[in-house]
């Protein structure tokens, strides 16, 4: 079925069960309600990280995802607050807008490789932050606050998407929403990587010259991939804006861009689900170390260094010594 | 294989320690007060001075037998969360506070964090005391945020008025870091100065927070020859460098800011060039500091090795929370009761000489009492320490 | 019958240096044509221009009456002119079979979206690619190593893999960059046979750049000789062997070659 | 005009020094050292502690900064970067390590040196003032001269000493250097130590003017990256040019665009992006670094 074997299907089943039933159950039993937000964040950041991972897949180090997350957050906020759109429509619009920006910026900069591409995307993050500070439509330094919660959508009287305003607690709703979007993102990513497009990406990652000599239009595929990557970034950013009900120029900045990249490294560049695991460990790990107070950062960074020292190819390289994405 | 076992062992050990660390302190009932702010990274100074002043005060209370509210004596425990100046983390921090059953939180330190935690705070019944100035945080329908200090749009006019009257200042130039908080404060300052009839000769110049040389930044400002140079929302790290560059460029006028500064940092970074620099402080200048303030400074210094004058303004939030809870003990778990009593609450200000009062204000700025009334103490730096220039009240 | 591919007055200048100066020759359908010359004669640059990896400064390359110079490499490949590289240019972390499957990009009928959603055409394509890759590897005698990772292959097999990748695109003209370099006599002779069978059985016109003179003389129908960016001779192997200019050029550069 | 030039030279010389260390490490090991800024901050704090706090002569304090950072750099290379480079499938993985080290050093700086801005007494008093056309405090002039001297000394070291030649060989082609008998492991360590030492040196020099605080690290790293990219990654002369160009861009940008305030840096960043898009390998870099 769909080319999955039984083992994979079981794995997916367990995973689905875990995030949709296991986690809420565990939280209910332990009473750690605060983990909902942390895990929601993990899901959203994992969406953006998936985009970064995809650009790694064509051999580009992307430190610009913060820029697209910020663009997504602002587009959604502006559409909801100033234009009056429903959040649910603004969400894909935010992703698409980020993708369009990525296409325009990608045309000139995707020719760059290695550290040069990394650097130019890092600068891009700063450019977008500074632009948000300078533009009137983003409200400059004052940001956009008091963004309403997502309202419901119904078609012919049947509610399709729930109304968050009417809810007692939005935690669970946001958690499920974020998880569903994350699952869709990773399903799409998995499909893409294992389809012909993914194979072409791999050929480009390994040798762009040879790829173009076998007739691959490398600049076109680079743009497509960068646009998809930024679409994911825009989605994640827009969702965050909705949870925080506010967006500021500093909502996503260079540190976020760097973190998105680190999530990919930590999980493992060779594994589709690497960025998801990397995000979980990096983000959730910080929260778990909360009790250490002023030593939190020290312990966090020490663990990070130890992991990379002994598992330089990412966490997932423990289990699958080769080719986990196949 | 061996490697994996090792890692597993290490992770287990860490998790165990993390779980144990929460076990309680002493025989008194524990009252937890939260702090969500930035205590690592570039802006660590803001949050750390905040957190330390709370911890110094809490340990002082606990050492002297605890704090009695409605017949029960509590030990105060400060639960701190480092949000790394990231609004996403700040939300997680506020969630963590809710998880710990905390209803009173000091922080966050910056505008975006304060705005981001609002939904969580309101949903979970948490009163929080941000050090952020956007009015929308404190105006209805927002209900749970209480401004923990004097806002720049309140202190600015008082300082400008004083300087106009006493020093004959007529023209003013503003300079701010290119970040949300300072830019907002600059805009507020420009508005206030214009309203007072001052001529704003330069207000567009900004600098990146990572600037290491302010001479090129300040040169065009100096060319506009203002009587007063306002460093809007300046961080303690940048203030001495800005002062030094301005003076070295030959600036003769007055330099002021509306944020709190540390005398030691100014002395090290700008030396005598900082003489005459006007900033906003708490009440630790010798003329105003009560014996309790002096003891607080002493205890803080003993605990952390060095005092930070920024903490003067940050000691109040905790005191307000505790005093207000004392006024209505039911507020310990009931934020509505807290909000109800805020309107009438009044208690003596223990940190200041004279008959200053702790009470909530903000009617004229926010339309509801959502600000602590701390004395607006305007300091002037002179030879390594602050002297009180004048004291005003905010309504 | 008009020639399959024409190189017309092609010139390439890098700053003040002239890598190729007004080079012209024709390539007939189904021939094996070698481009030889001492080091630095401009052979590789010429290949790059034919495959549009670098633009010409002036002049043009015509393939079946169409200009193919100064386009993008993937467009030229789509028209049927495909270049292979020296052995380091492969897809390192793919297996031999995967490489050959990927290289059939130009044979795809389904769109990228079709592949993503798994359309019927896409499924047919995938099956066809696998089958053709099997066939091709069988033909090239690489069946046994089809599941080896490319980075683990010995040099000789890498060269064959390069040709396999090139052939997988269904080329009409295959440009081989030093296919015999670093091989011993037996390996070279196997390769010569292989290249010949590619031409004979798959109707592919082959152009190659090579240093190995005996192999070139053995395999080529015709030879073009470059020296210092100029064409100095063109003809059958026996004509070239007796050409004064060629002998002079090679003798003159012997020192350099040894000096390397 | 004179003022802009002077500001440019001053900024450019200090920037160039920061970029030199970063580019050296990049050239030798293909590591983009995210922790470079933190090393710079540590250099500043060490000089602060010795000179500002304990009253040791400035030059001695500066030497202490260099020594501390050289040791730190050597240890980091030997025990962290070298094994990770050997074990990783893609060499970019070192970025995660570098970022982890940056976090770690940030945490250490906070715990050891505290959160406050620190400054040291001026090493020279007074301001050079040429009729208000050119104003430059004497300590800045001194630091600028010292920075330029250090750069010259560094270039001389790279050109004329055995170590320098070995490092250059290593930067050009690792395998070839190995074949030529260069002890690659040893010189990688020396090179990394040297790069870290440069960060410490410039941190120690600048603490006399700008002071130092733990927040400067990340920002400094990013600036250094930009300079390295402008000049071309892994090229010594490129780093120097990159530093000078960014210094002048700031000096000129701030002088010309001041009335537009908020967008000065936006313009600088956007023009940097355009420059790199047009010239993807920087001014003098080899393509693809």
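The first chain written gets the first letter, and so on, giving A, B, C and D; residue counts start at 1 in each chain.
Definition applied: contacts are C-beta pairs under 8 Å (C-beta built on N, C-alpha and C of every residue); 3 or more make two chains touch, one makes a residue touch a chain.
The model shown is predicted, which means the values in this text are computed figures rather than measured ones.
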item: Of all other chains, the one whose Cα centre sits farthest from subunit D; value: C
item: Pair joined by more contacting C-beta pairs (A-C or B-D); value: B-D
item: Central chain (by mean CA position); value: A
item: For subunit C paired with subunit D, centre-to-centre distance based on mean C-alpha positions, whole Å; value: 46
item: Subunit B-subunit C separation of Cα centroids, rounded to whole Å; value: 71
item: Distance between chain centroids, defined by C-alpha means - subunit A, subunit C (Å); value: 42
item: Approximate Å spacing (C-alpha centroids) for the pair subunit B, subunit D; value: 34
item: Two or more partner chains touched - positions in subunit C; value: none
item: Shared-contact residues (touching 2 or more other chains) in subunit B; value: 39-40, 178, 183
item: Multi-chain contact sites of subunit D, meaning residues that touch two or more partners; value: 106-107, 110, 218, 222, 262, 265
item: Interchain contacts (touch definition) - all pairs; value: A-B, A-C, A-D, B-D
item: Touching residues (chain side subunit D, partner subunit A) in the complex; value: 26, 32, 34, 80, 83-84, 87-90, 92-93, 95-97, 99-101, 103-104, 106-108, 110-111, 218, 222, 225-226, 228-229, 233, 262-263, 265-266, 269-270, 272-274, 276-277, 280-282, 285, 288-289
item: Residues of subunit B that touch subunit A when the two form their complex; value: 3-4, 7, 10, 14-15, 17-19, 21-22, 39-40, 80-82, 84-89, 91-92, 95-96, 98-99, 110-112, 115-116, 118-120, 123, 134, 136-137, 178-184, 187
item: Partner subunit D, residues of subunit A touching it in the complex; value: 61, 108-109, 111-116, 118-120, 122-124, 126-127, 130-131, 133-134, 140, 254-255, 258, 261-262, 265-266, 269-270, 294-295, 297-298, 300-302, 304-305, 308-309, 312-314
item: Subunit A residues touching subunit C - in the complex, by the definition given at the top; value: 2, 188, 191-192, 195-197, 199-200, 202-203, 206-207, 209-210, 212-219, 224
item: Footprint of subunit B on subunit A - complex, ascending; value: 32-34, 36-38, 41, 130, 133, 140-143, 145-146, 149, 169-170, 240, 243-246, 248-251, 255-256, 286-294, 296-297, 299, 303, 306-307, 310, 318
